[in-house]
Structure formats: structure tokens, C-alpha cells
Amino acid sequence: MLDALAAGAALAAESARYTGLGWMRGTSGNLSVTLGRDPLRLAVTASGLDKGELADTDFVVVDAEGAAAGEQPGGAGLRPSAEAGLHARIAAVAGAGAVVHLHMMAPVVAAELWPDGIVLRDLEMLKGFGRAAEDDEVLVPVVPNSQDMRVLGDAFEAVHDPRTPALVVARHGVYVWADDLMTARHRAECLEWLLRFAMEVAR
Amino acid sequence: MLDALAAGAALAAESARYTGLGWMRGTSGNLSVTLGRDPLRLAVTASGLDKGELADTDFVVVDAEGAAAGEQPGGAGLRPSAEAGLHARIAAVAGAGAVVHLHMMAPVVAAELWPDGIVLRDLEMLKGFGRAAEDDEVLVPVVPNSQDMRVLGDAFEAVHDPRTPALVVARHGVYVWADDLMTARHRAECLEWLLRFAMEVAR
Amino acid sequence: MLDALAAGAALAAESARYTGLGWMRGTSGNLSVTLGRDPLRLAVTASGLDKGELADTDFVVVDAEGAAAGEQPGGAGLRPSAEAGLHARIAAVAGAGAVVHLHMMAPVVAAELWPDGIVLRDLEMLKGFGRAAEDDEVLVPVVPNSQDMRVLGDAFEAVHDPRTPALVVARHGVYVWADDLMTARHRAECLEWLLRFAMEVAR
Amino acid sequence: MLDALAAGAALAAESARYTGLGWMRGTSGNLSVTLGRDPLRLAVTASGLDKGELADTDFVVVDAEGAAAGEQPGGAGLRPSAEAGLHARIAAVAGAGAVVHLHMMAPVVAAELWPDGIVLRDLEMLKGFGRAAEDDEVLVPVVPNSQDMRVLGDAFEAVHDPRTPALVVARHGVYVWADDLMTARHRAECLEWLLRFAMEVAR
């Protein structure tokens, strides 16, 4: 099992970075790191806190359902977000080592324009998203928002393509994943660029 | 009564943060914290100063009319903004513990598009504004600008819905409130996101 | 005569701030402070330097024509921009204590939309520009670009209204002035906001 | 031959600056400095690293083909980007002392609007790009993207005008060059401004 405290420090640093980019406004969004797989354990940023000012222990260790599990380095007072359940589902199904859920503007506006999924193709930035720059049609899936993480998780599985490490939740935000937090950030940054590009060109 | 000097330090720190976001350009905008309710006393940022460089004592203690009241930690040379009167009215009517008045671009442009109020619905970010993400129609009220705080205050009371912690003043800016400054900021950040989203989609 | 070295430190600090806002891209733009009026002397940021990294002596003392005059704290190697001549003209005609010339995007795009001048009215932010929020029609003048500062200076005088502390030079940038650098910045920030607002609403 | 370690420190500092501007999202983009001309040697930022966090030795010394050449201060583990070949070609053909390849949004969107090249004329900011503000029609060339650097290099040579220090690669990004890294940055900043202006006006 990965060191939970090291994961917590990384979660805090990455959260502060996303806050500076305007992608975790209010207390929105949450990040997770997979700590172990048998049983599945994730460190997820705690709910309701300012994401620009997290302490290294402001996370909750959760199980495959997104429920708090075992000893909590940050104490029993921290709550996991309901969305921790979707983080766990993505970690399980896609084998992600890190999942970032961000309230970027671009994916949510793009989902209004293309509710059946956003097609990207022949763009160099697709490399940074984990795909190819040429002859590789990428469909970024869009699912409707829900407050029920099982509904969202089933919707995710129904549209999941192992080649595409992102899910847009309409009128809500985006999930992006990778083996580690830094790669997830790089993919999220590239996806955001690609979606802004697609919308600029579609005007 | 809350510690006025602690309130002043928080007002200065939050003002610097909003300045960095571009929401207090020039010397515009002002923030307040409710210090006590019987009689009503607020600490309001002083008028005419650069909001990115406030000292911890750059505030004025005002009464229910927005007039300077009692001993002033920053000295007699600081003036409350005329808008302090509307801060006090919001603190009294809505029970706010903190009110932020910001010159964001999004609410002022949105008010031109929707002068009778801005309708938001079925968006996850509404949670961060203090409402529900589903099946909860939110009307962000818009009132005409005035230089007379009693006129603005009456307009506020006429449209005030206790569930909606914001007021847009057309061709001017926005007021957002909560129990404390940090929650007010989170709500302001989410509202700004929601209004940009609404305008992007309406294009 | 004002202390030239104190003026230089303020010019460097303000230039760095504008660079951070993206309003002095490349080595563009220049700022000046009036050091004395009889004879007219200005401290103007030196030409060709990165405006985010000016030293406190990176300025040139110029006369009413914008030519280097007298002892130079930064040495003889620094050149005044050709635009120093327009700074001096504004200092003489408008009585400005500080002039900022910025390559903001908003005024230059607005000048394409409204080449005969940009009308602003009934907007709270006009207060921060030095005008009134109500019943005060403001015409921000636009003149054609020129490489000849006498042509630009004559065009400035032909459109100058003592109530309006700004001049837009089409396909170039904006000049804003006030008694001191901080007030000039506040006015520039408010004008930029107002012009973005005008363009957003005009779409 | 220029000091490779000094070049590496400058590459790291400039990369961090571009990252802050959002022009090197993910691990995209790369910068180079010409170390010597006979034989041609460049220091190019290493591939696959976060451009906001480069160490001073995170570069590769490459030859005229963009292949690693000779002793590597950062060790044998660093890889040059495939794009190093185009950097070397630009250094050879245009005599550039520094080349910056950035994933700015503006040039890539502009290339969709004007696939045969972007015409700029009579704009003051052209001075900062190395051209004249008046009576000087500038054609910023656009070439199709390719994964083969020889194809891209040939396309560059076919459109190269020695007066124009930039190349837009459609659906990819932009190359800008000058004698040194700071001048290349100033030109890149001015070009980005000019392209945003052109698109705003063309709407």
C-alpha cells in the first residue's frame, strides 16, 4: 500500500495548483490517489474544505464504495465527498492510480454543445491526453449529472473506452485519470486546451 | 462582539485575494464582517484604498445606517464607503455574518442580458452557492443601480428571497453573503462560474 | 523637483505589476512621472527593456520634447522611447503627475469598433475613472496611430477634454493619466473593465 | 561554444515563465538555445517533463538532425523531443540563437481561420515582433502538422521569409525565434497579442 501521508501531501499540492487555475472554485472538485488494490483503498481529498488551503492530512481513506475505511490520518472529523464513490469506481474499472475531478468551465460548456460526446481528431495536444496526434478519432464521453454515484458509475461503465482517460459529467465537471497525479494533471490540462480549441473553432 | 482587529486582518487578506482575481479593480468593491447585532455593528473595508494592499486596520466600524460608530481601530481618517449602508441592510435583513461586494464582470454583463433576474437550474455548482444541484430553480435578483443606499436597500428587500444569498446591481456589481467571509467567497466564486456558464451557453 | 530615484523605484514596481496583468507584453508600453514643471521634467521608463524586470534606475529624465535632459541616474546608455514626447505633452497639457501607456487589448479592439471615440455612460466603474456613475456621458477619444509624436500630440490636443483622463491610439494602445502612478493605475484598471463591458454588451 | 549549463538555467527559467502563461500545458512545447554553429549544436529542453519544474540540467545537446550529440550534462537518461529536429533546422536556416515552440491557443485557432497564412499590418505591436508598425505587410506562415520533422522542416523552408521570425503549425502550435531567449519571448508575446487582436476584430 502506498504511503497515505505522502499521497496526502501530493493531493494538497495538486489541489492548490488547480485552485490557482480556477478549476476548483468554491470547495468544488476532488482528487484521489489509489493506495492499494486488494482491498481497494483510495486517499480522497476531504469534502467541504477550501481546495487552495488543504493540509497534508485533509484526506479520507475510502473503500470501493467511497466510504471511509480503516484508520484516518486526518481524524474521524473529515468526510469523503459523495463523489468518492465514482473515484473508486474509476480506479477499479480503468485501473487508475490517480483521478482528478475538476469543475473546469470548458468541458461543461462543451457538453451542452455536444451532449452525445465530444469528438477530437488530428490535434497534436491529443498526445498529451494519452492518444495519437494523427488518425486517431477520440470521443470524450458525456453522461448526464446525477446525485446517485451508482447511477453515475453505471453511466461511466456504459461509455467507458479504455483508450480514453476522461469522463465529462454534463452541467457538472470532468473526471480525468492516469497512473499518477502529475500525469493526470497533464492530461487534464491538455483536455481543457483541446475543448477550448474545439469550441473556438465551432463558433 | 467579534474581535474587530481579527476581522480587519481577514478583510485585508480576502481583499487581496479578490484583487488578484480582478474582482476589485481600481479601488472598487468592499467587504464587511458583522461584529455584533445589538446594536448592529459591521467592520467594512475603508473607502478609496487599493484593495490589494489593505492594512489590518484599514476598516471602519459602522452602524445599521452604514455610518462610522464608536472607536475606530484605524483612526478617524478612514471613511466608510457609501455602500456600507447596503452591507448593513443585508446583514440586518438576511442575517449575514459577512457580505462581499465585488465588481466582477460576469454579473454585470448577465444583468444586461437578463434585467429581470438570472435563472439558474440543474447545475452542480449551485451547491457551492448554497442551493441544490437538482430540481431547484434559482432566480438571482437584479436591481437597478442607484447612488442612494436607501433606494438600493429597499430594492434589495423587495426582491430578497432568503434562499438566495446574492444581489446583482445592474451596471455596477454583485453582493454575496454568508455566515463568514470564506463561505461568502466560495459562494461568490461559484456564482461567477454559473453566470459565465449561463452566458456561454446563451450565445 | 520630485526625487528621481524614488520615482524610478515606483516606475519599476508599477511596470512589473502591469507586466503581470499582460498589459506590457514584449517590451511594450512605458510609464512616466512628472518630476518638475519649470522647466518640465519627466522620469520615463527606458526603451527596449523587459518591463517586468526594470531596475530602479531604468528610466530617463526627459524634457518637454521627450529628449534626455540633464544628469541621468541610470547612465547615458539608456534611451527614452519616442513616445516620451507624448508623455511630456500630456503632462504639459493635462497637468498630469503620472502617465501610463499600456498595450491593453480592450482599448485597441474597442477602437476598431468605435473609431470616432467610445461612449460610456451610467456605469458605476466610471467613478474609478474619475467621472460620475450617473448622468455623465463620457467620450473616450480615439486618434489614429502615428510614428510622429508631434502628429500624435496635436491629435491629442484636438480631442482633449480635461474631464477625461485617457486617450486611445488606434491599432496601438492607451494612455491614462492622473496626479500619481497609483491613481493612474486605478483609472487604467477601471477603463479596461469598462471597455470590456462595452464590447461584451455590444456583441 | 556557449556555456551549456548557463543555457540550461535560462531554458528552465523561461519554461517556467511560459508554463505560468498557460503556453506549455501538459508537457507540451520545447525551447532551445544554439550553443555553437560548426558543428551545429543546440541545447533543447528534454522531452516528457513538466515544463514548470525543469532543473537546470533538464536539457539535451543535439546536432543538426536533432539527435543527442556528445556529452550530456543531464545524463544519458534524458530524451530530446522529436521536434528538436525542427529547432535545429530553424537555427540553421534562419540563423536563430534561440527558438521557442509553444502550444499557445491563438495561433492554432488563427490557423483554422487563415490556413494559407495570417496577414498582419499597421499595428504597433508588430515592432515587438521585429517588423515595422506602418506600411509593412506581414504574412505569418502556416504549414500543416506532421509527425515527420523532415516534412515539417521542408515545409518551413518553403515558406520561410527571413523577415518573419515565426512559423505556425496548424492544429499544433507555434515556433518563434530570435538571437536570444528573451527576445524570442518578447516576439512570442507580441505575436500572441497580434493574433488575438486579429481574431477579435474578425468576429
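For reference, chains read A, B, C and D in written order, and residue numbers begin at 1 within each chain.
FYI, a contact is a pair of C-beta atoms (placed from the backbone, for glycine too) under 8 Å apart; a residue touches a chain by one contact, two chains touch by 3 or more.
The shown structure was predicted, so the numbers you read here are calculated from the model rather than taken from an experiment.
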item: Labels of chains that are neighbours to chain A and to chain D; value: none
item: Homomeric contact chain C-chain D: same or different residue positions, threshold half; value: different
item: Angle of the C-alpha superposing rotation, chain A to chain B, to the nearest 5 degrees; value: 90
item: Centre-of-Cα separation between chain D and chain C, whole angstrom; value: 32
item: Separation of chain B from chain D, taking each centre as the mean of its C-alpha atoms, in whole Å; value: 45
item: Residues of chain B whose C-beta touches two or more other chains; value: none
item: Chain-level touch network, classified as line, ring, star, complete or other; value: ring
item: Interchain pairs in contact, sorted by label; value: A-B, A-D, B-C, C-D
item: Of all residues in chain B, those that touch chain C in their complex; value: 25-28, 50, 103, 105, 108-109, 112, 145, 147, 169, 171-173
item: Parts of chain C lying in touch with chain B, wherever the complex brings them together; value: 122-125, 128-129, 133-134, 182, 186-187, 189-190, 192-193, 196-197, 200-201
